[in-house]
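Following this line, the structures themselves.
Next come two complexes, and both contain chain A; in the first it sits with chain B, in the second with chain C.
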Partner chain A sequence: MRDLQDLAAKLLTEKTVGLVIGWEAGPRGARPSFVTDPKDAGKLISDNRCVHNLAAYLSPRRPHLRGFGRIAVAVKGCDVRAVAGLLRETQLRREDVVLIGIRCGGVHDTPTGVGPLTADNLADRCVGCEVRDPARCDHVLGELPPSLPSRGGRRAARIAELEALDHAARFAFWREELSRCVRCNACRQVCPLCVCERCLADKTDPPWIESSPHPRANLAWHATRALHLAGRCVDCGECERACPAGIPLNLIGRKVAAVVERRFGYRTTDDPQVPAPIGAWKPEDGQEFIR
Partner chain B sequence: MSVGKEKPQMATDEHRLGEGVGGTTRFLARGDLEKLVAELLGAGTRVVAPVDAGKGETEYRRLASFAEAKLGAALPRRSLKEFFLPPTEELFRWRREGEALQLLETPAAHVATVILGAFPCDAAAVQALDKVMGWDYRDDPWFGRREATTIVALACNGQDGSCFCTAVGLRPDAVRGADLLLAANGEGYEVQVLTPKGRALVDGHAARFGAGRDTGSANVIRAAARERVAKNLQATPEKIRGWLQANFEHPMWKGIALRCHGCGACAAVCPTCHCFDIVDEPEGLYEGARRRNWDTCQTPVFTLHASGHNPRPDQNARIRQRLNHKFRIYPERFGELLCTGCGRCARACPGGMDLPELLGALEKLAASAPAPAPAPGPAAGALIPPPGGAR
Partner chain C sequence: MSRIGVFVCHCGENLGRTVDAAEVARASGTLPGVAHAIDYKYMCSDPGQALIKQAVAEKKLDGVVVAACSPHMHEKTFRRATAGAGVNPFLCEMANIREHCSWIHENRPAATAKAIDITRSIVEKLKRNAPLEPIRIPVERRALVIGGGIAGIQAALDIADGGREVVLVEKGPSIGGHMSQLSETFPTLDCSQCILTPRMVEVYQHPRIKLLAYSEVEAVEGYIGNFTVKIRRKARGLDETKCNGCGQCQASCPQKKIPSEFDAGLGKRSAIYVPFPQAVPNIPVIDARHCARWKGIVKGLKKLACGKCLEVCGRGAITFDLEDKFVTEKVGAVVVATGFQLYEIGRDHEADGLKGYGEYGYGKIPDVIDGLQFERLASASGPTAGKLQRPSDGKEPRTIVFLQCVGSRDPAKGIEYCSKICCMYVAKHTMLYRHKVHDGRAVVFYMDVRAGGKGYEEFVRRAIEEDGAEYIRGRVSRLERDGDVVRVQGFDTLSGEPVTIDADLVVLATAMRSQPGIETLAQKLSVSYDRHGFINEAHPKLRPVETNTAGIFVAGACQAPRDIPDSVAMASAAASKVLGLFSNAELEREPIVARVDEATCAGCFHCLRVCAYGAVERKEIRDKKGNLIKVVASVNRGVCQGCGTCQATCPGKSVELEGFTDPQIYAAINAF
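Then we have the complex of A and B:
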């Protein structure tokens, strides 16, 4: 924690960056922190409540974060995948950002989490994590904490349960879940990879996706979003965390990711040079749908 | 903590009396509450109450039986507003046959409803919204549902550090907007009958309600809850309003919303955010529906002009608007705050924006730089006439 504060202060003092985005202790657990004055660097923290994927703030859709000059951002190994996604899709220039990698021993499923991690409070995505030591960063801080608590992958089991249902029952499950959606668009807004300047869902002439939160439009919206994030979703879980209706959006993202991996042999990676299936073609890609 | 001395003071409290007939007290035993719900359901009344929504959370939902109700537990994820202003609502349909265009009225069938265990902050919000919904135009769907609905509030114990009803002129046991207020006293509920609608519910099920027996313990519980919430935030909304009026261009706004994603979750869970969008949705070539849907000032498209100009260009401007609407504009127009201190926005925010924290900061700014006293009534030169004014 101390080394993060020192580094942030140094980067700001030397004017390497104009803004450091990290985490701080807020009124309700950890929260994103924006430091422009080296004197404020002492409020930065890095602990197991630092759930937020701060790469979302690097998206070009946030005009109020422009004008600070170069930005330094604290990232966990998994967050680097989102940065890589932005770089891969030319939404961000590498030289405009300083990446402060934080070695990670897993995070709580909520920023208000308290105490050590257990199988019950560990974020789903941390199970089986392979990127606890962040790659491709300008600085990497902290000791590698002890291994994560292991559990059998509750989310994988949930997806398997849903797959075992017949079509009608599965549809009924999603109809029920999506019926709570009020189309606030929180899922889209917090997504580091939802980078469109004008989202399809905001277009009104013609209205490709109806804006009313009725079952037809909710299905259209969430299905469209799932497909637009196929091979792009980095499993940060921010959409599900932000959803005020408690819809398990992660299940959709993970299922689609599994399909992409099976069909295209691609998993989201922190290497921006590896093309995502949506922007690449390989002779061995399954082509049966255009035969 | 001198809770025993609270009672005489409360009897004169304006919030205790609400705006209806005031103050009759009855007693409702736990067993009788269950029977009351069974009677209501048996008569075809829709009963809505907080029910379990997993992970320790609750939601207001229609009850199939009393057993589902989780009274006095966690504040529901979303407020009561969706029972009066649904997230989407059909206003009318159209159909084209040849050259003829038919407009088909959507029948307004408002089911008789009792909302049981409403949180006082949610009940108060509904009453605050009556002002805007009945202002220059009377919103029939809103008032149709209002009239069909009886709100039985339950005095709250305070949820957590994000509650701040006491800082916005309410209390965990406020009666505003409620037809009945229940207060747990260990054996059952003391019942305050507040409005004719509340009276009708009690009279219609007279066998369930005993004579009021004021044990005093409900008052102890209520006073403790007030004290708990009051610790979270001390604020004077009038001072904040004056500061907002005088400081629209204050430099602090430039950095107010750095962590805000503009996601609108705050508006979705807010009991008083009521902005809506009206859309025409074709269904096939020859027919369609006009609907109104929840909207939020936190998105760019909310203020995007056809020219491409956006008068609220970024999140800082949108958060400034949110605070101004709640703590300056609505009070100017309607004489009350557009916030009941439920704290849901702070709990829901994925970026850690925190309204009680912001209000605390505004309070400090207002104290350090005394602003001119707010002008009485609407701002001079307002384009919109005041409620009840000349049209």
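Then we have the complex of A and C:
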């Protein structure tokens, strides 16, 4: 934690960056923190409550952060994949950002989590994590903590359960889940890869997705979101965490990611040079959908 | 748009049988915004079109829906009629109630109801149509011809004679292609070089042809009318402007035992060489793989070997300049005429999935040769000066066995197509042989004889009946060397008997394949090719010399196995297409192209990555002071083919396809 504070203070003092984005302790657990004065660097934390994917603040949809010049951002290994996504889609220039990688021993389910990690409070995405040591960062801080508590993965089990249901039962499940959606758009706002200047859902001519929360519109919105993130979702789980209605949005993301991997051999990666399947074409790509 | 006219066609019985056109017209007439609706037996006929024009004038219509066949069939017809009536042609839409309705249904009331739905949907779409103006693109009226064989030569000459400049790019040191290697040509037995070399010289001397021999196309950018082509001029090691082709360097070169490509490996050449005496241009190249001095320069040796050619060259033309040079040419059209190669059956073509024919001993038994090698042996300009001598011992062969369809028509081994020319040239070979060796025996193993062409069947009959070629229907399983003969073990399928012949020479009619590297070139040009590497034509019957990329044409054996008359005909056809394209300084095309909403474009460039035509570009948006605001996608209207992939891919729906915009499609769907 000290190294993050020291590095943030140094970067700000030397005017390498105008802003450091990290985490701080708030009244309800960890929260994102924006430090512009080296004196404030002491409030930064980096521990297993730092759930948030701060790469979302690098998206050009947040132009108010541009006035600070170069930005340093603290990222876990998994968050680097979101940075890679932004680089890949020319939403960010690498030289405009200083990446402070934090070696990670897993995070809690929620930023309010306390105490050591156990198989029960570990975030789903941390199970089987392969990027605990962040790559492609300008600085990497901390010691690599001991390996994660292992667990079968509740999420994988739930996807398997859903897949076992017949079509009608599965549809009923999602209708029920999505019926709680109030269309607050938190899932969209928190997503680091939702980078459109004008969201399709906000387009009125024609109104492809109606804005009022009713079952048909909710289905249209979430289905569209899933497809727009196919091969782009970095599995940070922020949409599900931000959802006030507790809709298991990450299940959709994971299912789509599995389909993308099977069809196109693509897994989310922290390498921006690897083309995402949406704009890439390979002769061996399966074409079963047009047969 | 409030005054739409709906015109329902019966298409004779095609529509009338299952759809009640009068009812469709009546129902459409009640739609809001429809001011006029009628049905007629044949809308596309002259009176039908007159009906539209008359109604537009009388009822002051501002939009037209023709409920009839597929837009593919008659959209142009009706848009022309609409334009003739003074309404923008893109305010005319077709409701496809034939292919999409009457042809596929039997229940008349249900089909009629569906036809009404389709028509209503199109009426709603039309209400959101905008008038569009055709796109005009300036045309660079120069052509690039790739390949200097007979097809490329013919295309270049025709275009140049038509008054347009041509850049002719040839990979090898000389133009002439395979035809320059042939002895005589079927079905007239006229000397190949005698008819070809004047053409080659004509190319060289033509004021409008720029010949770039020993060059390859490196990169192609742009679109119909406006291609920019980067051409690699391979290092010849000498200054072309100084060389006068005297040939002293060749004579002085101590390396004289290099197998000559022109003589199909049967003759020898030097390291600095002109491939054949009639070469155009008559300028040597230095073979980097065999020249000792060149190799020394590449290695950076201080003391360089040889240099004999340098000493003898009176004009100081030899520079040993090893650097390839690049030139850029702007052209409006491209003719691809890269020709073919013979299937080298002696080796395994693993990359192409071809196994070769090891059982024929080609490449191991010296007296088993391919058709092109026989051409060189029979040619007066060949390594034996036209005397038939077999490669092993120079003996005149008393028995020659010819095998047809070696590699071709053999799906089990990879090539299922017919190479087309072999039946004819084998017949020619038997004649050439019998004309030189009157008492020799010429035996042909064949599957069947395909002699479709003017004078072709007569030619084969002449070989059999007048020149005594023996044709055996059957295949040969094995060729073996036995002493100084090649034992041919075959099977006569007509008599059902095995046949064994001791031949002095065996000639294999090996398959024609596409040129190596054609895939790379095709990708540079964005033209498609089949799995054998032959360039695909745009339509096998109606657009045989066009490719599916506008402005790029194809001629000769790079499209499929072709003989000389076919290649020349294709080349002239391609040239006439090019000249047609060049007949106007501007090209007019349909404005069905994509448009980016720069205000909402997020610059993710998925559209750029998915565009198959390279039509999407990056565009910088700057404020008045020149500060970069953002980079957005921008569509080059000249290149865009209107496929709509970018529109479908754009996550923020910031791309619209003119004529098929989201509001139009949404309205059309909502009308159901």
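Here is the rule we use: the second predicted complex is superposed on the first by the 289 of 291 C-alpha atoms of A that agree within 3 Å, B and C clash if a C-alpha of one lies under 4 Å from a C-alpha of the other, contacts with A are read in each partner's own complex, and residues count from 1 in each chain.
Methods note: a residue touches a chain if its C-beta (ideal position, glycine included) is under 8 Å from a C-beta of that chain, and two chains touch if they have at least 3 such contacts.
Bear in mind the structure is a predicted one, so any value in this text is a computation, not a measurement.
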Message: Just checking: does A:208 make contact with chain B only, chain C only, both, or neither of them? Give me first, second, both or neither.
response: second
Message: According to the stated criteria, A:228 is in contact with first (chain B), second (chain C), both, or neither; which is it?
response: second
Message: Looking only at contacts as defined up top, I'd like to know whether chain B or chain C touches more of chain A.
response: B
Query: Touching A:31, do we find chain B (first), chain C (second), both, or neither?
result: first
Query: Which holds for A:167: it touches chain B only (first), chain C only (second), both, or neither?
result: neither
- prompt: After lining up the shared chain so the two structures overlap, which partner does A:91 touch, if you call chain B first and chain C second: first, second, both or neither?
  reply: second
- request: Using the touch definition from the top, say if A:200 reaches chain B (first), chain C (second), both or neither.
  value: second
Query: Inside the complex, what are the residues of chain A that reach chain B?
result: 26-28, 30-34, 52, 56, 62-65, 111, 182-186, 188-190, 202, 204, 207, 210-214, 238, 241-246
Message: List the residues on chain C that touch chain A in their complex, please.
response: 599-606, 608-610, 630-631, 649, 651-654, 662-663, 665-667
- prompt: Which residues of chain B touch chain A in the complex?
  reply: 53-55, 57, 77-78, 82, 87-88, 161-162, 255, 257-259, 261-265, 267-269, 277, 279, 281, 291, 293-294, 296, 299, 301, 313-316, 346-348, 350-352, 354, 356-357
Field: Touch list for chain A against partner chain C, complex
entry: 60, 89-91, 195-200, 203, 205-206, 208, 228, 275, 278-281
